[in-house]
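What follows is a set of structures for review.
The two complexes that follow have subunit A in common; it is paired with subunit B in the first and with subunit C in the second.
And then the complex of A and B:
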């Protein structure tokens, strides 16, 4: 067990090191653009060169790489040329905002999706199953930008119940987070419903469930005690992977609603060529990705004793 | 006052203008525009028009005494960095700074340029020497007096190639080329006394006052260190309280009385009503702007496009301001790069176009037909040229002659810098070009990425904002070596015509000369510009006097909130 965890942690570290090197190399070829972005399009090549020298970009790349890594280890992610503040000042705040979005998404999605998935999978082919399945396929098939437009048209323009953007310019406003969460819920939730349903249906067809029913156990007990635990293994992995999705897939939703989260930060930085922000965001995204794999592996092990044994 | 102004005119041409107006040779609006440019006060011009024609032109309404003091105006607009006004390349940047740092002149929603930091000005008869008299008693936020040194400092900065300012091209008549580098002519700017500045040009220039309201010409303090957001010292009614790029900017009423409060001017004079102007960044998309307005998060928006017009029209508590403007997107070629270095190729690419289709399909005929020369019918110096007809056979023959009889593959960089309609325009062009066996591929990219390469791409779709005169935009974009010359077009004959046009006072006479420049641009097929887009902005009904300036420059001195 411990060896397994140590090995996984080692892999995580290796992936992150490789990613940082790739990132650094990409930007080595793009330095002039950064200078152009910062100084404006009418500046001369010499001015840009001078700026790069002043900013220390002309020092040997290896030295700068280690300097940067050392800084990161100490919690210093560098300086954002676009936002004109240290990356630290925006990164954690933006991550917090996306975490809030994620919290509400998971708080709603997990119980709802599992409930509908289980209800659907208990009796495969029933009317209830078909209605839920069609609904889930429908919501997952609609891309976020389309459902965002659709929900905005209904709740902002038609009913006038909700604000149209979610920038939280005057501090926290719960009403502003409803539409982004709803869009993510429709898209991600449908997927989890489908996975839970498939898993539940498979479990319901297994011999031990049939035996439990035949030996006269109450149906309710069969579902709750025997079926559910086994049926939740697959959805658990899917839900853990949603963490990853949240960091990349959330960009569309955040940009649409002008929500100041991690997604908009990464997009703006990518468009501007804001090196340190991109590096910091990518590091965080990769960290969350490998961490979620790590957690899903561990969780999977607890849910499925066969893996633990092997 | 009128009689006085005629007896002692600010410029020798004013009595002739008055005579032209009397004889009906000049429109009232042209008279107003030209006489104010030559130093006559707007109030006197309006009044003189009424006297001469018996039919007064109504001056823009004052907010009057009904305006309510206080309140906060929230405007949805991109919040970008705001370091050096001299190098601004987005109007949005200048909108953030426009209430902090001010301009020597001001062009209102009526397209008339009036005095601002400059009290008045005179031009020599040949329009080569301009004298600006500055207002006295204006103070910078740090307590310093606003004086001629500030103006001289700004001109010297703009005309120093190290600054990298587009104003270098705007005031090219004040520069000369030495050893392959453009620099300011010695003595081009002279401080006569603390409140008088003299500008000297190589050639006569009519549009100096108008150029002085172009968005990178804000006057900064003589000790300006290059970063306005860090040190927002201005002469304007507001100061910067908060500035978070990509999020929001807050302008708060400065802690000293505004110098313009006693001024009689429909745009900048009178009481300043708003306590605070807040810009919120809801991204680039027009639909987010309209959604923010509808959802009550913004009281006004910077701009939205035709795609969102229907949605905006459905709002029952907001009003749309339609702006007459020469803002447009041009699909321009690098005329020195193959295959566009062959004039026949460029001509063929334009001949294949069905001009009316663009306005019809893209804008439901709400815009205007373009003529590939970048001068709009609302420009006083516009000249109506014969309409360009689609000529597929002619286009094919030209391509054949140029050696592309078997077809041609080209690609255009589109960053939708003028909105999603840029892409539609490129797609329509691609469709038209298929008829002559030209495969136009569209390379989409984010707008910010496009602005990185806008001068470098061989073929790209660039948005140009409105400028009050046709000469201004042609000079900025198509003169040899101009900073914003994105086509690399260099034609001494064109430059000469522009020199000549810019020295002519009479709008009709000038349009005769400018006509030659427009014809040259059409003939040389430098740009593909088949349509003028309509522009829209909107505000809630409780926002009073929300202006629809042709360039969407924000001047909120008269805006008040009726709660």
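And then the complex of A and C:
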């Protein structure tokens, strides 16, 4: 078990190192464009060259690479040329906003998706199962910005209950976070429902559940004590991997609702060519993704003794 | 061309019949049938777009006409017009052509790369496998959309770059699937027979092994095609997609979001079109999987 964890940690480290090298190399090939973006389109080649030298971007690459990585390790991500502040000043704030979004998403998604998945999987092929399954296929088939469109049309244009943008310029407003969470919930939740259903259906068809029912245990007890325990192992992994999806989905949803989180920061930086912000956001995103893979593997091993032994 | 004309002549139709038969199998799953019907509808729309009696998708007339409103020439804008006075119905239908053509190109490219890498890694193993798998792992550790944004941000937004971006994100997944299949297949007797015959590795990989791995790949293509359509639409929604003014579902939504309530019809139409197409692909893939598991 310890060897396994150590090996996975080593892999994580290796991936992060390669990603930093890739990000740094991309920047090296785009230096001139970056200078052009910062100084404006009507600057000459020499002016850009001069700016790059002033900023210290013409020093030997290897040295700057280590300097940058060292800075990142200490929590210093460099300077945003678009916003004209250190990346740190915006990054953590934006991450906090996205974390709030993610918190509400998971707080609602886990209980709801597991409940619907289990209800659907208990009796495969029943009417309830069909309705829930088709509903889940439906919600996962609708891309985030399309479901955001539908929900906006209903709740903002038609009923007028909720605001259509979530910029939160006058401080925190709970009403503005409802639609973003709902959109992410529909897409991500549908997927977890399908996985939970599949896992539950498999368990319900197994020999030991049939034995439990045949020996006369109350149905409620069979489900709660015998079936759920095994059926919820697979969804756990899926839920952890949703973190990775969240980082993709959040970009679309934040842009749609103009929510000022991590996603809009990355997209604005990408459209402008704000190199250090792009690097910082990508690093954070990959780190969270890799960490979620790691945690889901560890958790899976912890929950499933059969894997732990072998 | 061939010294045995009867053999090739009979091989052709039987292969086509085999393909048709596997499509006809979908009949056994009503779920898959509905999906296939939806997909077929959009494919027909994409092909027939130039023949349908539609307004020019780029022609401006009266701005923001509501659905069913009358056009200046006496016709009807069935889905209204957008903020530049372009017919929404026409743009949605022409948009299906654009998104499908690019998705097809991107998928072809991604599968070509993914299959080649997967076959090489699965059959040769060893160092080749290690290197290919390592790079696939790196690419897969990026959240998908972050990788898309990163690639497009540095290469610039254009059709070719979207194909490249899709290849980078999809090929590793395809490679993993193919690699697994090939590793399973390479221990079969017919491979050993080919090796004994002295066939080259290339021949064994692409003529002996690959055709036997096609089953799971066909289901995967359906799903992956849907994802690619979403990815292309999402990128144009984010402003990183194909350049305007040609109609594009993602871009239509993007343009309409800023206009608010009175442009509701402009964003609902492409959103509904996109959702139905993806739903079709997912249902078709579900149906195909169900059937392939049954056999």
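Here is the rule we use: the second predicted complex is superposed on the first by the 310 of 310 C-alpha atoms of A that agree within 3 Å, B and C clash if a C-alpha of one lies under 4 Å from a C-alpha of the other, contacts with A are read in each partner's own complex, and residues count from 1 in each chain.
Heads up, the rule we're going with is that a residue touches a chain if its C-beta (ideal position, glycine included) is under 8 Å from a C-beta of that chain, and two chains touch if they have at least 3 such contacts.
For clarity, every value in this text was computed on a predicted model and none was experimentally measured.
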In the superposition on subunit A, see if there is space for subunit B and subunit C together, and answer fit or clash.
clash
Look at A:149 in the shared chain and tell me whether it touches subunit B only, subunit C only, both, or neither; answer first, second, both or neither.
both
Pick one for A:248: touches subunit B only (first), subunit C only (second), both, or neither.
second
Going by the contact rule set out at the top, does A:36 touch subunit B (first), subunit C (second), both, or neither?
first
Of subunit B and subunit C, which one touches more residues of subunit A?
C
Which partner does A:15 contact after superposing on A: first (subunit B), second (subunit C), both, neither?
second
Check whether A:256 is in contact with subunit B, with subunit C, with both or with neither, and answer first, second, both or neither.
both
When the two structures are overlaid on chain A, which partner does A:264 contact: first (subunit B), second (subunit C), both, or neither?
first
Could you say whether A:112 touches subunit B, subunit C, both of them, or neither, answering first, second, both or neither?
neither
Once the structures are superposed on A, label A:295 by its partner contacts, choosing first (subunit B), second (subunit C), both or neither.
neither
Applying the touch criterion given at the start, work out whether A:303 contacts subunit B, subunit C, both or neither, answering first, second, both or neither.
neither
Part of subunit C, among the options 80-88, 134-142 or 224-232, whose backbone runs into subunit B after overlay
80-88
Kindly list the residues of subunit A that each of subunit B and subunit C touches, one partner per complex.
149, 152, 156-157, 164, 255-256, 271, 273
In their shared complex, subunit A is touched by residues of subunit B numbered 74, 76, 81, 84, 87, 89, 161-162, 164-166, 229, 244-248, 278, 280-283, 285, 287-288, 290-297, 311, 314-315, 446, 448-449, 451-452, 454-455, 483
Touching residues of subunit A toward subunit C in the complex: what are they?
11, 15, 18-19, 22, 26, 29-30, 137-138, 140-147, 149-150, 152-153, 156-157, 164, 244-245, 247-249, 251-252, 255-256, 266-267, 269-271, 273, 278, 281-282, 285-286, 289-290, 293
Touching residues of subunit C toward subunit A in the complex: what are they?
137-138, 141-146, 149-150, 152-154, 226, 230, 233-234, 237-240, 250, 253, 257, 260-261, 264, 267-268, 271-272, 274-275, 278-279, 281-283, 286
Per the touch rule above, subunit A residues touching subunit B in the complex are 33, 36-37, 39-44, 47, 82-84, 149, 152, 156-157, 160, 162-165, 167, 169, 255-258, 260, 264, 268, 271-273
